[in-house]
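Labels run A, B, C and D following the written order; every chain starts at residue 1.
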Amino acid sequence: MSHQASTAQVDAVVEKIGELGLTPELSKGEDRSIIGVIGGNAYAYREAFAHLPGIQEIVQITKPYKLASREWKTRDTVIRIGDVSIGGDEVVMMAGPCSVEGVEMLMETARHVAAQGAKILRGGAFKPRTSPYSFQGLGEEGLKMLARAREETGLKVITEVVTPGDVELVSRYADILQIGTRNMQNYTLLQEAGRSGHPVMLKRGMSSTIEEWLLAAEYLLSQGNRNVMLCERGIRTFEPATRFTLDINAVPLVRELSHLPVIVDPSQGTGRWSLVSPLALASVAAGANGLIVEVHPHPDDALSDGAQSLDFPTFDRLMADLQRLTGVLSAQPAN
Amino acid sequence: MSHQASTAQVDAVVEKIGELGLTPELSKGEDRSIIGVIGGNAYAYREAFAHLPGIQEIVQITKPYKLASREWKTRDTVIRIGDVSIGGDEVVMMAGPCSVEGVEMLMETARHVAAQGAKILRGGAFKPRTSPYSFQGLGEEGLKMLARAREETGLKVITEVVTPGDVELVSRYADILQIGTRNMQNYTLLQEAGRSGHPVMLKRGMSSTIEEWLLAAEYLLSQGNRNVMLCERGIRTFEPATRFTLDINAVPLVRELSHLPVIVDPSQGTGRWSLVSPLALASVAAGANGLIVEVHPHPDDALSDGAQSLDFPTFDRLMADLQRLTGVLSAQPAN
Amino acid sequence: MSHQASTAQVDAVVEKIGELGLTPELSKGEDRSIIGVIGGNAYAYREAFAHLPGIQEIVQITKPYKLASREWKTRDTVIRIGDVSIGGDEVVMMAGPCSVEGVEMLMETARHVAAQGAKILRGGAFKPRTSPYSFQGLGEEGLKMLARAREETGLKVITEVVTPGDVELVSRYADILQIGTRNMQNYTLLQEAGRSGHPVMLKRGMSSTIEEWLLAAEYLLSQGNRNVMLCERGIRTFEPATRFTLDINAVPLVRELSHLPVIVDPSQGTGRWSLVSPLALASVAAGANGLIVEVHPHPDDALSDGAQSLDFPTFDRLMADLQRLTGVLSAQPAN
Amino acid sequence: MSHQASTAQVDAVVEKIGELGLTPELSKGEDRSIIGVIGGNAYAYREAFAHLPGIQEIVQITKPYKLASREWKTRDTVIRIGDVSIGGDEVVMMAGPCSVEGVEMLMETARHVAAQGAKILRGGAFKPRTSPYSFQGLGEEGLKMLARAREETGLKVITEVVTPGDVELVSRYADILQIGTRNMQNYTLLQEAGRSGHPVMLKRGMSSTIEEWLLAAEYLLSQGNRNVMLCERGIRTFEPATRFTLDINAVPLVRELSHLPVIVDPSQGTGRWSLVSPLALASVAAGANGLIVEVHPHPDDALSDGAQSLDFPTFDRLMADLQRLTGVLSAQPAN
């Protein structure tokens, strides 16, 4: 309450809390009173108080998400997809082209990254593009190519789904559904992906807070789907020199707040291929459970995101550096 | 090109431009060369050059949107819905509750705002909420209430559509489809709304640049739908004292860049009811074609956004202030 | 406290509060306890608790500034400089070139803006420039030109001071000291300017919160200087299309929180001359007490900020529009 | 030029370029012309063109900084202070309390961090604090304590200087002058620190772009001082869960753009002690030349920044982790 609040104003607030079926706890101080409000989901009622006189500020104490929180589930979630585990001791590499552009380039990339130790193949078949005049992806044709690459290489497949009507279709081909940054708050899509039961990787919205991100995960989890992993992919800031600012603070922080695995995308998060490897190593040093990286046999000819794709020799050096790094991080910092 | 670029590197870039079917224009300067690239959609090929040596920077000169630009259409777009015109001389007021909560509160609000001069009734039936545990709207039941309010008051109706599968349903009841800030880059939804032919109000993504916003409008326009209006509703910044930062710079700037009408939402853009009227007046002074404002008979009891809703007496004062303001802005600043 | 906090942990926190000479107020709730901490400047001790186990979050309830707050002084501060009042009923125009470039252009501008109703002449003699290779201002020579323009036109003079050692010098020539955006947290400079007793206009740091801005004002006020006005000049956001994003939300909000006058700088806040007039009108409609605008006889030849300077005919139209606007805002929205 | 620009408009621009003593290079394209402007510091004249009709956009091609750039100096700058080298093969640890609070706590901390392998002692004697009511540092008394700690432990000393008048004083006691984030654009201070010849660590402004940061370094370098190191300390973003967002993208990027050493401050950059070690490791994995970390014998009793200070056992684990990490990064990613 404001320090000028009258007794009548304090009483009015206490009464309103009672009316809403919540419990007020009044604490009178030297120059102002504080009123605690206790009861399930109390913060959702804060607007009922916005126009009452004498209130200085309404502050939320409990976290608004539940199933995603470490308080609710103490132990790390480990997602198993065949023989691949995400969220356990191993750092998992997901690699492949930004878009599936054709069967040959995809097979060439898949074979190469598999040989270097990647476990999961990435590649977009449905691409949400800022301009309607840009390449929008091959659609189901691209999904089929991904499935064929899985058959040949044994890699698992992750690919993006952009609209609720496609969840069933994409689930038929992919091992992990990716929800992209522009769809993090596409709640109908989240609910549909949650209901599918399929593993889901939820990318952080490019201007979403960590709390909003965990609330979006809550949409997936509350449909009964426990196979949810999070992906930090860079946030929008004032800095124009990189495409986004990779928020590596978020990696150990989310691992404190939540039991869900955290993947990092340094390709999107920097937008410049020369920064991808340093940031990949940094992410793992900070406690990431995995990486998702764009790799292209000929980045100059890529139909999308060539500027941030690694060519094969650079990817190979990154895999070697990662192996040495994970060797010394056995006593991992985030645990 | 970098000032250290060799002649061979310059030649390689010129050759690549030719291979792509574009026209190179080489300009050799005192200490570096600049190569212009000319041809339809040339910027889409920029990634083909990202790995070529000797290039310092690739800069886009032409705007990436077309149908939304003033260059393409010089005269203001005026959208006519029955006897209401948006984008013409009049400043149009859209008002109503954040969510449709029930028929009585809706009718009471509709009658009140109509009597004060509002032309369009707002009210959410489908609500995209950050938390899965918040009130999600009444759905089709809410749409029916809006239609009933239109029948009684003559107000036109604007309401949000959140997923492609609902476009047909919402179009049956609403005069204007609203695309919300979280869906500005939900491209499947944009295409579906574009195809519907229905007037659409496209809210700016809370962290979208003006260019991305106009490109999202391009998705609607390129489906042949010309009845598109834009809505500035606040962007996300570092400032915690207000829910968002209303970007009033965007109002006259978008009116320079585009022929589409610009509406402003000071309720979302501030998040505090006491700031709504000053910002509404500011928006109109800056050249807005209309306002969309949350009004509630009893803001303290609102199920969503009560803190930013105007009560009836405050709304009435705003309407009176606006009338005096628009009276003196006949020679409007943005024109 | 966390909902898993033990009684011993709660007791430890209560004891620590007592040790620090503060008063604890324990409120035990359904599933967690809240402990209020009461006493002068209690929030400054929050770090004493950062490592105690069982604490979930420490939240500040009272505002950290005092002399700048409306709670401390209810009535608007009005600053009188000769016959000019800032913070009263009149909207004050401050106008002039970005930099003082020479005596002729300054006199020409001063005469023109005075004839149109401006009350205060702006012009930089000391310029903080991002690059060491840019024009840095004429220094004392420029101050003398400003004083001469005052003598001839009767305008008061505002100009920037950039370092504590220059406060005495600049005070000799200027009626108002300007603290620029890059120096908002240059505390030695603030203290020196506070001690001078001279009226001060404190520009908001380009990425400072409103709270930090009012705390910076507190540095001036706590030196006994009551003649402090605030200037919103645009904040840094992700939007590249304008130089800054003018935060007009801040205008009515600061007027709620503080008794100090609020000036707006639409030239810096937009960076594009075509947006200056619409934003000037918007600022006044939102409740600003004054404007500071860059005007140049020949913007194309300006040594700094030509792109955002108004030429004379545009300035004249703005003055006419403002006069009509202030005529109808007698019942001003912010009051 | 705009695609609607007339020949006369193109000619006017070409003529203006000539008048300014620069060289125009006209390139006529299919639907528009591009005019290159060549000559020293041409971009500084861009405002001379802002009001000429027919220009669509003015774009800078060359970088505005010079002495700080890799183009100007290809090899890494290595700064030698006695037997400590910054910018060479070794990762240098700077550690100590946020503020110098007293001689005992300082000596205790200095002895501890020296024994663990730190090379440089940090500690603030002059503290720029957001509130005038917060602890402002011990001043010269604090400097003397730092010098005494150096004498006893052999550590070099880094401490902040906040105003030009103190540069001489602080240089007498410190081995490295620190320019803090709030003073990155305090140009008088930069010039004075540049002139001192003393090694300087320039912290990035919390909302400064990388280009502005390198331009601020240019102020130091252009005074003839070559011993300049840069410090990334977190930028301000919309994310409220951490105090700042540590921009690790900046580490490898600045090392590409500049030859100056890059230090990272994970204490300021996160604001939470539990995140400091993961982010310290991440920074080094990304190519940082050193770290600056807050360490306090009893963080709960710190007078400033206790929440982000490491206690001794946590610091010791970090040093051990770092040693193993740097062991495997011999083939460092940024090179």
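The working rule: a residue touches a chain if its C-beta (ideal position, glycine included) is under 8 Å from a C-beta of that chain, and two chains touch if they have at least 3 such contacts.
Owing to the predicted nature of the structure, the values given are computational and were not obtained by experimental measurement.
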- prompt: Which chains are in contact with both chain A and chain D?
  reply: B, C
- prompt: Same or different: at the chain C/chain D interface, is the fraction of residue numbers used by both copies above or below half?
  reply: same
Message: Quick check for the class: compute each chain's Cα centroid; which one is farthest from the centroid of chain B?
response: D
- prompt: Roughly how many whole angstrom separate the Cα centroids of chain C and chain D?
  reply: 26
Query: How many angstrom between the C-alpha centroids of chain C and chain A?
result: 38
Residue numbers of chain B (touch at least two other chains): 207, 236-238, 240
List of chain D residues in touch with chain A within their complex: 207, 209-211, 235, 237-242, 245-253, 256, 269-270, 272, 274-275, 277-279, 281-287, 321, 324-325, 327-329, 331, 333-334
Message: Touching residues of chain B toward chain D in the complex: what are they?
response: 2-4, 23, 25-32, 34, 36, 38-39, 56-57, 59, 61-62, 71, 207, 236-238, 240
Complex interface listing, chain A residues touching chain B: 16, 41, 44, 46-52, 64-65, 128-135, 162-165, 182-183, 185-189, 206-207, 212, 215, 218-219, 222, 236, 273, 299-302, 304-307, 311
